[in-house]
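What follows is a pair of complexes built around subunit A, which joins subunit B in one and subunit C in the other.
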Partner chain A sequence: MRKLAPYFRFLVILWVVVTVVFVSLRLTPGDPALLLLGPTAGRQDTAERLADIRERYGLNRPIIIQYGIYLSDIVTADLGKSNRSERRVSELVKTAAPVTISLILLSMLLAIPISIYLGLTAAQKRERPYDRSVRTLATLAMATPSFWVGLLLVNFFSIRLGLLPPSGYIKLFVDPIGYFSHMMLPVVTLALYLIGTLTRFVYTETADTLEQDYIRVSRAMGISSKRILFQFVARNSLTPMIIIVGVEVGTLIGGAVIVEEVFGLPGLGRLLLNAVLGRDYPVVQGTVLSITVVVILLNILAEFVYKLLNPRSKI
Partner chain B sequence: MTIKLMKLPIIIFSTLGLLTLISAIFPQFLTPYHPDEIDVTALLQKPSWSHPFGCDELGTDVLARIIYGTRLELMVCLGSVALASIFGIPCGLVAGYFGGKIDWILTVIADSILSFPIILFAVLIVASLGASVLTLVGVLAFAFIPRIFRLIRGQTQIISSLGYVRSAEAMGVKTVKILFLHILPNTIGPLMVIVPQLMAIAVLIEAGLSFIGLGIQPPQISWGSLLLVSKNYYVAAPWYPLAVGGVTTLAAAVLVFSGDLAGAAVNPLRRLK
Partner chain C sequence: MFIDKIKSFLLTGTVAASLTIAPISAIADTQTITVGLSGDIDNFDPATNQLISFQAAFATTIFDSLVGYDSQLNIVPRLAKSYNISSDARIFKFDLVDGASFHDGSPVNANAVISSLKRSAELGGVFGGPLQSVEKFEAPTNNTVKLTLKSSYAPFLTALTNVAIIAPSSFENAVSAPVGSGPFLFESWTPNDSIILSRNDKYWGEKPAFSRLIFKPIPDPQVAMTNLYAGAIDIVAEPSTAVIAQVDTSKAQVIRPSGSNSIVYIEMMGTKGTLANVHLRRALAHGFDRETIKSVAYGGQGQSEASPLPTSSFVYTELGGYPYNLEKAREEFELSGAPEGIEIGLEVLAGFPEAEQMGRVWQASLSKIGIKLNVVVSELSVWLDRYVSRNYDMTWNFFGVSPDPHSFFDVILRPHLSGEYQNQKVIDLVKEGIETSDNMKRKQIYAELQEIMVKDLPVMAVQSRPIASIANKSINGLELNPLGWPLYAQSSKSN
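Up next, the complex of A and B:
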C-alpha cells in the first residue's frame, strides 16, 4: 500500500489538473456554449448548433452532470471537435505533436552535454575568471527572451548571411538536409535557455559534491583531477539532473510555443495560437490538457528513473 | 572581506532598482520626450545624442517608450508576486505547521498547479477571458502561488520544531499568533531569495505572451508589447529591437543575480565557500 502512495498522488494531481481546465471554462463570464461554438458571423444555423452543443455537453443541466460528461469524455480520450474545421482535437494534436517533440528533444540533445561540461569545469575552477564568466553567461542565457534571440539569429544567419532558411518546416523523411537546416535555428534558440538553467544547476550540485570527503581522499591518493571530475563527481552530481530535466520539459514546451511562432514551425504552439486567434476554444482546451498530462507523466517517469539510479532516495 | 566583495553588485543593483522605480513613478523626470509623441521627421532615426536608442516607426524616442513602459512592467511583476504571496504564505504556514491531511491536500493542489506549463495555462485563460493586464497578473499570480507555498511550507516545518516555538506553544500562545508573529518573520530571508527570481520569470513571461499577442496589447506600453511592435524593424532599424530586448534581458538578469546574492547572504554556508 505504501508503495502505491506516490502513484495515488499523481492520480490526484491528474484529476485536479483536469478539473481546473473544466472550471476555467465555467468561470468565464457569459455562456460557455457560445465560447465552445466560436465565431458565428454569417451562419444560418447558429441557434441549432448552440442547442447541439448544449445537448452534447449537458450545458442546460446541473453542473455536476456537466462535470460527469466532461470526465467521461476525458477518460475515453474524446477531446471534442474543432469548431472551425470539424476535425477531432486529438487528431489535430497528433499531427502537430511530432514537430514540437523533435524540437524539444533536439534542444535537449544539444543543451545537456554542453551544460554538463560547463557546469563541471566551472565548479572545479571556482572563483576564477573562467568560472565567473561561465556563470554570468549562463544567467544571461536564462534571462534572455527566447523569441528575441531567435529573431536576432534569423536576421544574422538567414537575412544577412543567407545561410539558413528563416522559417518553415520540411519533414525529416522527405528531405533530411532540409529538415536539419530548418530546425537548426529554432533548436539553438530553445537550447540556449536550457543551457543557462542546466549549467547553473550542474554548477551548484558539483560545487557541493566537490566539498565531500571522498573527493579529498581521491585527490590525496593522486588520482588525476580530470578523472575525479568526470568520473567520481559527475556520477553524483548528475543524477538529480534527471528530475530537473523532467521539470524543465514544461518550461520548454512553453518556450517551444513561442519559438514555433517565430520560425513558422507547424507544431503544437502554432496549433494553439491559431486556435486562440480563431476563438476555437475546444482546440485550446484539448491541446493544453493533453500537453499538461504528458508533462505530468514525464515527471513521473523522471522520478522513477531517478529512484532506479539513486538507491539512497529510497530510504 | 565578504562585505567588501558584495558591496559593488549591491551598489549597482540598488542604483538600477532606484532608476526603475523613478521611471515607473515619475517617467517625465528621466526623459524630455513623450512616449506617444509622433515626429514624422525622425522616423526610424539612428541613435544619436538626443535619441540614445534611436526612434521608432512613428518617430518616437525609443528610450522614452522603454522608460514609460516600466510602469506597467513593474505593476505586472510586483502585482503578481504580491497576489501570490497573499494566498501562498498563509497556506504554506498552515500546511507546514499542522501537517497531516490538510498538508497533503494543499501540497497536491500546489503540485497540480505547478505541472501546468505557465505559458499554456496563460493561453487557456486568455482564450476564455481575453488578454488584459489583469488577466496577465492573475495568471502569473496563480502560477507563483505554489512556488511561494512550497518555500514557506518547508521553512515552517523546520522552524516549528525549534525551541522558541515549542515554548510559545507550551505557554498557550494563540496558534494564529505563533504562525504570523513567531514563524513568518523567520521565513523572510528565503522569501527574499525567491521573490526576485519570480519577478524575473514574470518579466520573461510578460515579454513572451505580449509577443504572441496574448499579453499586454499595444497601444499600452510594456517591454513585451514594444518587442512585438519592434519585430518588423530588425533589418531597417536594428537598434530598436536591440535596445528593447537588451533592456528586458538586463532587467531579468539583474533580478536573477540579486536573487543569487540574497541566497548567498541568507545561507551562511554558501557565503564561506
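Up next, the complex of A and C:
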C-alpha cells in the first residue's frame, strides 16, 4: 500500500490542477463564442450563429456536464479540439512542446555549469570583492525582467551587430545551425535568471560546507584548496541542487512564456497565453495538463536521483 | 587544474557557439515578403472570421470577391469583370472574368460563385447578412450571376466587397484550409509562428512580383519594431498610433493611405442607462477637448470632426458639434439634473494606449464640472462581454467605415436603435437610405441622419485614427486603402 502512495499523490495533484484550471477558466469573465465573432456578436442577425457556436463547442451545456465530459475525455487520453482552429489539442501541444523543451533544456545546460563555478568560487573567496561582485550580479540577474533583457540582447546582437536572428524558430533536424542561432538569444535570456537563482543557492550551500570540520581537517592535511573545493565541497553542496533544479522547471516554464513572446518562439508558453486570451478552453486545459504531468514527473525523477546519490536522505 | 579544465570547457563552448552563429539572411531574399501581424489568426474561413486584421491580411491575397476596392476605396471589378445594377438597386448582374480558377483547380463559374454566396448568406453576420436580402440567385449563363433582392438595397455592391468567394470543395474545411482564387494560395499555418502563402501562378489577373508572403504574429509593438529594424520582417502591418509616431525614418518607411476611414467613437448609450439624459451626453461632449486629445493621444494626426462619417464619404456633412467649452458643459450638466460628483465609466480596450490617454484628458476636463470619469481598461474578452451586452455607461470603439454611409448605421448604431436609443425617425431614415438608389436623395437623407446623430449623441465621433504600415526601405509599391488594408499583391522587394 505504501508503495502505491506516490502514484496516488500524483493522481490527486493532477485532479486538483485539472479542476482548478477548469473552474477558474469558467469563472474568468469573457465568452469564447463572443470572441470568435468579434464586436458584432450582439447583433440580432448573428444570434443564430452565436447559438451555433455554443452548440458546436458544447458551451451551452451546464458546467457540471462540461466538467464530466472533460474528465472522461482525459481518462481516454483525449484532450479535445481547439475551439478556435478546430485542431486537435494533442497535435498543438506536440508541435509546441519541442520548442519549450529545447529552450528550458539548453538554458539549464548553460546555466548549471556557470552557476556551479560562480557559486563555488565566490564562497571560497568570501567577503572579498570577487564574492561581492558575484552575489550582486546574481541578485541583479534574478531581478532583471526577462522582457527587457531580451529586447536589449536583440538590440545589440541583431540590430547593431546583425549576427543573430531576433525571432523565429527552426527545427533542429531541418537546419541545426539555424536552430542554434535562433535559440541562442532566448536561451541566454532565460538562463540569466536561472544563473542568478542557482548561483545564490550553490553559494549558500558551499559557504555552509566550508565551515565543516572535515574541510578544516583536509586543509590541515595540506590538500590543495582547489581540490578541496571541487572534490569534497562540491559533492556535498551540489547534491541538493538536483531538487532545486527540479523545482525550478516550473518557474522556467513561467519564464518561457515571456521569452517565447519576445523571441516569437511557437512554444507551449505562447500557445497557453494566446489560448487564455482567446478563452480557448480545451487548449488551455490540455496545455496545463501536459505541463503539469511533465513537471510532476521531473520532480519525481529529481527526488529519485537525489535519493540515489544521497541514500541517507529522508525525502 | 580543475579550474583550468572548466576555463577551457567554457572557452571551447564559446568558440563552438560562435561558429554556429549565422548572419541574418532572411532579408536578402527578394522573393519573400514577411509581415508582422499584431495577433495570430486561427480561423481562415472568410464567412465567419469578422476580425479586421483577418480581412486586411487575406481579403486581397488568398481570396477574391466579385468586386473590390482600389487604394482610394473606389469599387473596382475583381472576379466580376463588369456588372449591371437596375435603377431601383434590386437586380445585380455580374459577368465573371474568363479563365479564373480556384486554388484547387476547379473553375470559378456562376454555379460555384452562387454556392459560395449562399453559404455566406446562411452563415450571416456582418458580411453575409446583406446576402440574406437576396430573393433569387440565378446563373443565366455559365459566366453570369444574377441576384434579385427582395427589395431595393443601395449599399449592396459595397457589401459584396466583403464577401470572399471560396471553392465549393472547401466549405467544410474553410476554417483550417481556405481555398480561394486570389493571387496567393494558402500553404500552411503553424500556430503562433507563421502563416505561409505562396504565389498563385495560375492567377487570372496580374501576378505578384514575389513568390512567398509570410505572416508572423508579433503581438508586442516594440518587439515587432525590433524585428523590422533587424530585417527579420519586412512590414509591420498594424502598428499602434504611438509606434507610428516613433518610427526611425532613416531605417524604415511609414506608408499611409490617402485618408483614414477608421473612425474612433464613444458609444454613450449602454443598458445601465446612466447617460439616458441627452443633456448629460451633451455636457460630456462640451467637456471633450478635441484639440488637446488630438495632440496628446494621436500625435496631432487624424481629423477630429463632429460627424460620425469620414470626411471622404460622399454624404459627409460638416457640422459644428460641441466645441470645448466648460461653461456650456456646466450648463448642460445642470439641465440634466444629474447629481454633482456623478461617476461615469468609460470602457477602453487594452492594447490601445491612445484610448486611455484620451480618457485621461477627458477625465481632467470633466472633473472641473463635477463629473468623475472612471477609465476602465480591459483585455479584449472582458471588453467584448460588456460591449456586446452593452453593459456599460459608455465605451470607446473604432470602426472602418466603408465608402457607403450605411455601414456606420448598420454596424455601430443598429444595436442602440433596438435598445436604449428609441428614435423612429432615425429608423425610418436608415431604411430610406438603403432603399434609395439616387445619390442626390441619399445625400439629403444622410445629411439629416448626421445632424440627428450629433444632436442626440447616442454615439459621439472622436476622430479618424491615424493608420499606416511600417515597411523596410526595400519594399516598393505597397499601398494601403483608407480602411487600413495593405495591398500586398502589388508590392515588391528589392535588395
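The rule is simple: the second predicted complex is superposed on the first by the 256 of 315 C-alpha atoms of A that agree within 3 Å, B and C clash if a C-alpha of one lies under 4 Å from a C-alpha of the other, contacts with A are read in each partner's own complex, and residues count from 1 in each chain.
Everything below uses one rule, namely that a residue touches a chain if its C-beta (ideal position, glycine included) is under 8 Å from a C-beta of that chain, and two chains touch if they have at least 3 such contacts.
It should be emphasised that the depicted structure is a prediction, and the values quoted were computed from it without experimental measurement.
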Touched partner set for A:R84, first subunit B, second subunit C, both or neither: second
Partner chain(s) touched by A:E261 [first = subunit B, second = subunit C, both, neither]: both
Touched partner set for A:G38, first subunit B, second subunit C, both or neither: second
Touched partner set for A:Y281, first subunit B, second subunit C, both or neither: first
Contacts of A:L151 with subunit B and subunit C, given as first, second, both or neither: both
Subunit B versus subunit C as contact partner of A:V75, first or second or both or neither: neither
Partner chain in contact with A:V174 - subunit B first, subunit C second, else both or neither: neither
Partner chain in contact with A:L271 - subunit B first, subunit C second, else both or neither: second
Touching partner for A:I159 - first (subunit B), second (subunit C), both, neither: both
Touching both subunit B and subunit C, residues of subunit A: 28-29, 35, 151, 154-155, 159, 261, 277, 279
In the complex, subunit A residues that touch subunit B: 9, 12-13, 16-17, 20-21, 24-25, 27-29, 35, 126, 139-140, 142-148, 151-152, 154-155, 159, 207, 211, 250-251, 253-255, 257-258, 261, 272-273, 275-277, 279, 281, 284-285, 288, 291-292, 295-296, 299
Touching residues on subunit A, where the partner in the complex is subunit C: 28-31, 34-46, 48-49, 82, 84-87, 92, 95-96, 113-114, 117, 121, 151, 154-155, 158-159, 162-169, 176-178, 180-181, 184, 226-227, 230-231, 261-262, 264, 266-267, 270-271, 274, 277-279
Subunit A-facing residues of subunit C, complex: 1-3, 6, 9-10, 17, 20-24, 26, 39-40, 42-43, 48, 50-51, 123-126, 129, 132, 175-176, 189-193, 216-220, 222-223, 226-227, 229-232, 379-382, 384-385, 387-390, 397, 411, 414-415, 418
Interfacial residue positions of subunit B with respect to subunit A in the complex: 108-109, 111-113, 115-121, 123-129, 200, 204, 207-208, 211-214, 227, 231, 234-235, 238, 241-242, 245, 248-249, 252-253, 255-257, 260, 273
